[in-house]
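Each of the next two complexes has chain A plus one more chain, namely chain B in the first and chain C in the second.
After this line comes the complex of A and B, so read on.
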């Protein structure tokens, strides 16, 4: 049981939420600067075309227009993006320009920017820009893109293959030869949008006299963007300041450097005036990174007891027109392979990923990057094997789960796994969902002609990635987070962190860590993030690092500040520091109250004259933390879905959903639970509804929220959350990340549940999202009769 | 020059008269002309509900209504319903239950929820989910929002 006085571990609401719930947030579009102009863009209407000429004369003269800019105008002030990986020297990445100067490679690539007094006037003028295009053949289908005679995505490329990466461990050939059962399945994953409700937003303010650039941006990492703007615009980094205010959802899509945002910043440099660019929803669908488009083929060998002997996975990942800057677009395919089978003992593994360009919107990191795909592949294969062996789905997982005897482990897929609690999570899940009873309910439902399925999805979750990934890749990304603490004269504490918060509650968690470690009340601390110029240098937020890494930096800073406070208190009271403690904002000597922290703070700030000259009055500390013991913290868990498939219409109804997550120490259960639920609903969106559709010429067909279906309240079930707490030994705090888990495991749980429902009919799905049409297609290809009652008779 | 039209209306109880472009929608008007940035723009085509405001007592999508159409109307925004303490319980429930993450959908969600509460008819969770289905939230997964609304509704109607 937790001590009721503890702040860490308490379900405290977020102080920030009060402002947001009153409509008093400050999102980037809420900011207005003096002399600010608004940018609208002319984007390519073709998936692939050469730009023969751009006539801007009429647009330049239109009402309210300040300037019209093309790629040519930026050639001297803004260098292009090239997103490669140093340890993959064969990876091909063509340069990407803020405004494409000669060739557009996806429908929506920006070619011309209009700066005007209002966004409406800028849009009016955009219609007056005359671009002479020469349409080129568009490469849309990833398989066709790899054919030797395929047209090229860019005229500068030699082939459309970005890179290929094989991986082999152990003897898969022998494993498959000696297997009792071999199962295989092929998979298609639809292209998705990360879709933040607040569209991408930026305001750049370049002050030419001092050559200072301030950028307000809806983004996850101000530090990375300061580096990008400084280097690509030839500015001094310490003159560049990126400020992130409230962010209306990010999910990885606001982690990248986007050409159109770069165009806005470059335009501000050209004009010497503030420039605002807010993507509209249609632009977002065409230009926010997409994700997940992939096909996979998997094969699994098990012995007669259901123990895995070997696994093979082959992935083709289609990433759109460019490798996204600066983190590249190859991570999704690589992680899809690495995470296939990662929670299980795999004596032999053979994987390959091929990454291919196509004339579509570039893809990049979206919540859980590639991991959901690896999870779907192995969970589906395990269920197929279990069915062959007449083994229960929970049992086959238990037989293969990594356990203490296997750990720590460098897994066959290439991941390093320190410590996971898979069996404990499985047991907790089966108890919570009353698995046996649910199986009986399912049988009973079948007897009544209802087609119901239960799906389980075990996962490991890579969180808090350290320097081992970015350094060798040559990416200028800091894996270390920092925290500054300052004792105010009133005895209250200001905390500034490099971790950024887009609503997850990272700031609240850090506030809890600081308050408890220091020995003050929760309300005695305020926390700030997002100002890349004044907070300690660090990474920001991605891959669930805020609390696991940023929280540890906060803990270290609080320990140091407490030491300073107690040192000063000892000098004032002529005690030894070792006898003193700080608790609830009061300093105690051997349990007796000595003074309030506010009194000490007043003295060290305003009455240093009363103290001996060797007393340290500097009540300001900054500490950083870099995960070193492990390359990342591997969280883990399991999800389950219970659902019903309507065999007549193909509709899927979610009946129930469970998650058991081990993210190490849980700093704030209220916030972690909602992270999990929110993530699960995104994963349910992925598997059931969300799909960026294109026609064969590369035109996006789903460029509005009316066409791109996202989960709504009425379609979603209540979700049961259970925690297993297994603190990581990689930090003193013990927290791992929790932000990917939901999105990671939910698709596989639904894949397995739908296929569990359909298995007696001989049908299986293979294409995500599971539209009604796909369910019917799956039933037809299994030659299923349409009457449910007949189906389950035998 | 762009033509303008003059309109008079009340916004959160205060009288406002302004010259507006005929093409300006109500949300742009509230945000850009009056600085009421609590109403958000998530799609500008009537799907997401982030722009929800109340016009003459009914919740509408500000992006689907022109400012000129609000001439003579009484408009209320999130800033208004929170300040007037009409939505105080709801705001507390949202905060306490962590029913908002990024907070971008929240003003629209609260306006929709306030309307549902004002109607005062008892609803079960499925009914609440149904009522909230015109507002997209990308962060929370909805359950905490349903919990928050349910808790205020139960307090109000005295029923579960």
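After this line comes the complex of A and C, so read on.
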């Protein structure tokens, strides 16, 4: 801590951690309403099938069943939804229904809902629903999906291509013609899921007399969902209230409008009773959005000094059966292209993304959306070029890093970059990890037959994405965050924010910003989020916006409330407001204590009669903030991984991991460190373990935690965190986002480290996750002997 | 998912359980630690009419030594094996291997007998039981039946147990002087079932391995002693050559973690390391 009186910048633990650890959280499933019924869904067992008929007679008569609903029953209640983008008029997006009425396009798409007295009884009845299916050919492989004679993902489509988007800047042809070295490679990324500990949960409570709908939902943005439910169920928006209680992780997967939740809400409207739906783990694997499935072919041209002359990248992004509502599924592919080379000087750039449907679970925004892929592509290409030029991997990065002379910049990939601190981060990283010594250790290990590698991954992280993205897309999503502050008669402060907290500690950071800006103790502020009916309208949480945007709104509100407080204090004490300050909950005049804030609060609430009539006693302010100077902020940093590959078994052991990150002003180092560590672990999961596997008929093979491997503590290395603080000038607070940096850079660091380890053997990995089987595949295709001792002899 | 409704019957003695078998036939399933059975029931992959809880039958649990034999009751839990001094000193292979079985929470409930009857091809205890030459004691209304572990395992989750039998105890020989053992496992994450594992027991005499009982698990349908390993070791072959020969003989099943060739590759490496462990008297992979 820099200054012991400062609250911003202090490593304060989350006040709500104790409550949650004590089991006193209120998650959606903890809520029980009178007359509530439970929903279970009948899902398609096929990846692609027509629904010939659904016989619900037996299920309807089963014990405890209140109602059985099919797509037909909802036709007049809930309109279908289509996730398109207005500025991409050629994008194809088929309508999606709460319950598929005629055709199921992935294994797990729901076609029938059972409402019963308990979930167990609803599941009993679900077994009695007889669906007559006509199986259709399933489109699984994205390359095959683009062939002219491919079967179609939906029978109404003309092709499986969602959209294609080319991007070019500068003359890549000339760049590649004059290059000293050209390297190219194709990289594959496996499908993953976000896997929140608390599964998707909703309780819909429709009150027919007033046509009011209250929805409790585990979600990142109640405001968006109010709009979605109002429009698709034909209700007035101000009659719809979405309340988000405690949320056990979200990671982007709770940002979307899911048909399952739509079905629960529609069922409540139909029944006039509360309906609870809690996805179980198996359903989550089949119906939570997936992400990342992609192939990226990259090409890099450098001159003899290793300076980049040009980059080309071609991405094929496979997004499953629908474009997820309302944010679409094309962002991942677009960002993968945009972020290829974003931290570096790129004189010429050519990119293309093709997005394709397939009969698999739909995909959508998952922590760091596409950015990790762009990061892997450029970092791998740089290492390949460095090897050709016999250049150190750190050195080639330093030669290409964007620096002050380049900034601000509209980058070749289309990104706007205000300011980055890449060289400072690189230097800090090399010092922290003692790079030179580590390289010597690596050589020594090789002499002993141990195959070790070091990987570096530079990244920029787009945070606080604003109106520039969703506005032109035509999506009804607010990018502005708000904050309301209210002075209680006791002098304590209630803060209500539109930013939402799923466990990151956003509310703690906001509490720090309010307390310090206002001049009260940290404990004098309480925070509240997630009530779409009463917290200020805004975005919620996505794209690392909690502190960067929500925090700035809180700062502005605190400044305004302070002005009001000091104005009233000046009137009471007949001083001028300019002479007054508020600090630690006490009002001072020229450094001398004038009165406690609690005393002022008592007077403005209860003794207005003692004050002149023109004194402002309204101690309630609301402010909003939207990044305007820049369309978003650009955080940046670098990660490094040190690891060992067991050539006998293909196992990878992570030995150490470092991250240097610049998220601007650090409001709470403890929380930022944990965001980075958690994010890195998710990135390590992506590159080493997590994979949604399907067979050739589109059946998911990994629908349980026994088969889908998430990273566990036992395999994780120490993660060393260093901060470089380079505040953004786009806000008074100066914070940029930090939520995605870990997930963004960790895969590339491991890609580079594994291939650094394997390079002397002539072997290379090319698809994540790096299972032992893939390592062995890589070793075998390079004809490596299995005897480690023979490998590094020369 | 939620389990379909079932009847729960708490057996106080073996007779209670046999009565249930007589009444419900194969509609009755034994509940031991529940760590394999309950997930199956909760996913509705099994919908038994009755669960017969054998956890409260006295005499089915505990670890005892009589002479050179160690007797382990079927409902002895994994954590009890892990904490037992008797196991640590007399059955060090089990003591080492048990740490690879799942995580603490699962080890607190899962039982030795349940693990054997469940017969997962990637499970550690069935492989160890075969390597150690264990004898399984099964009881039914008809009486007691003893069977060697090598004969008990028939295939993937398939054993020689008859539907009316309860596994009551397992008999093992205590380690003697000159006995050496090895246990090596490759799993995706610590505590996961094995992708491939190797366990072995032998006697070391003048730099040779005699009576080598080497089992590769997580690979083939059920654990079995490698005859090739035993004969090559007895003739004094080098570990590299033995590992190569055993790996070539394997007939690995493809699963989510790898195909046959991958598993053969990994097994070769683990076998060689295990033989090294045995020859050098090194323990614990």
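Heads up, the rule we're going with is that the second predicted complex is superposed on the first by the 793 of 794 C-alpha atoms of A that agree within 3 Å, B and C clash if a C-alpha of one lies under 4 Å from a C-alpha of the other, contacts with A are read in each partner's own complex, and residues count from 1 in each chain.
FYI, a residue touches a chain if its C-beta (ideal position, glycine included) is under 8 Å from a C-beta of that chain, and two chains touch if they have at least 3 such contacts.
Please read these numbers as outputs of a predicted model, since none were measured by experiment.
Once the two complexes are overlaid on the shared chain, A:680 sits against chain B while remaining clear of chain C. Of the two partner chains, neither chain B nor chain C is touched by A:762. Contacts of A:247 after superposition on the shared chain: chain B is touched, whereas chain C is not.
Applying the stated contact rule after C-alpha superposition, one finds that A:137 touches neither chain B nor chain C.
When the shared chain is aligned, chain C comes close enough to touch A:702, but chain B does not. Of the two partner chains placed around the shared chain by superposition, neither chain B nor chain C is touched by A:208.
One of chain B and chain C touches more residues of chain A, and that partner is B. In the superposition on chain A, contact is made by A:27 with chain B only, not with chain C.
In the superposition on chain A, A:712 makes contact with both chain B and chain C.
Using the contact criterion defined above for the overlaid structures, shared-chain residue A:489 touches neither chain B nor chain C, since it reaches no partner. Within chain A, the residues touched by chain B in the first complex and by chain C in the second are 120, 280, 704, 706, 711-712, 714-715. Considering their complex, residues 1-5, 39, 43-44, 186, 188-192, 195-196, 256-259, 261-262, 265-266, 268-270, 272-273 of chain C touch chain A. Against chain B, the residues of chain A that register as touching in their complex are 13-14, 16-27, 29-30, 63, 120-121, 195-199, 246-251, 280-281, 502-505, 670-671, 674, 677-682, 704-706, 710-716, 718-719, 742. Partner chain A is touched in their complex by these residues of chain B: 1-2, 21, 23-24, 31, 36-45, 47-48, 50, 77-79, 82-83, 91, 94-98, 100-107, 110, 125-126, 128-130, 132-133, 135-146. Chain contact summary for the complex, chain A toward chain C: residues 119-120, 123-124, 127, 280, 282, 646, 648-651, 689, 693, 701-702, 704, 706-707, 709, 711-712, 714-715, 771-773, 776-777, 780, 786.
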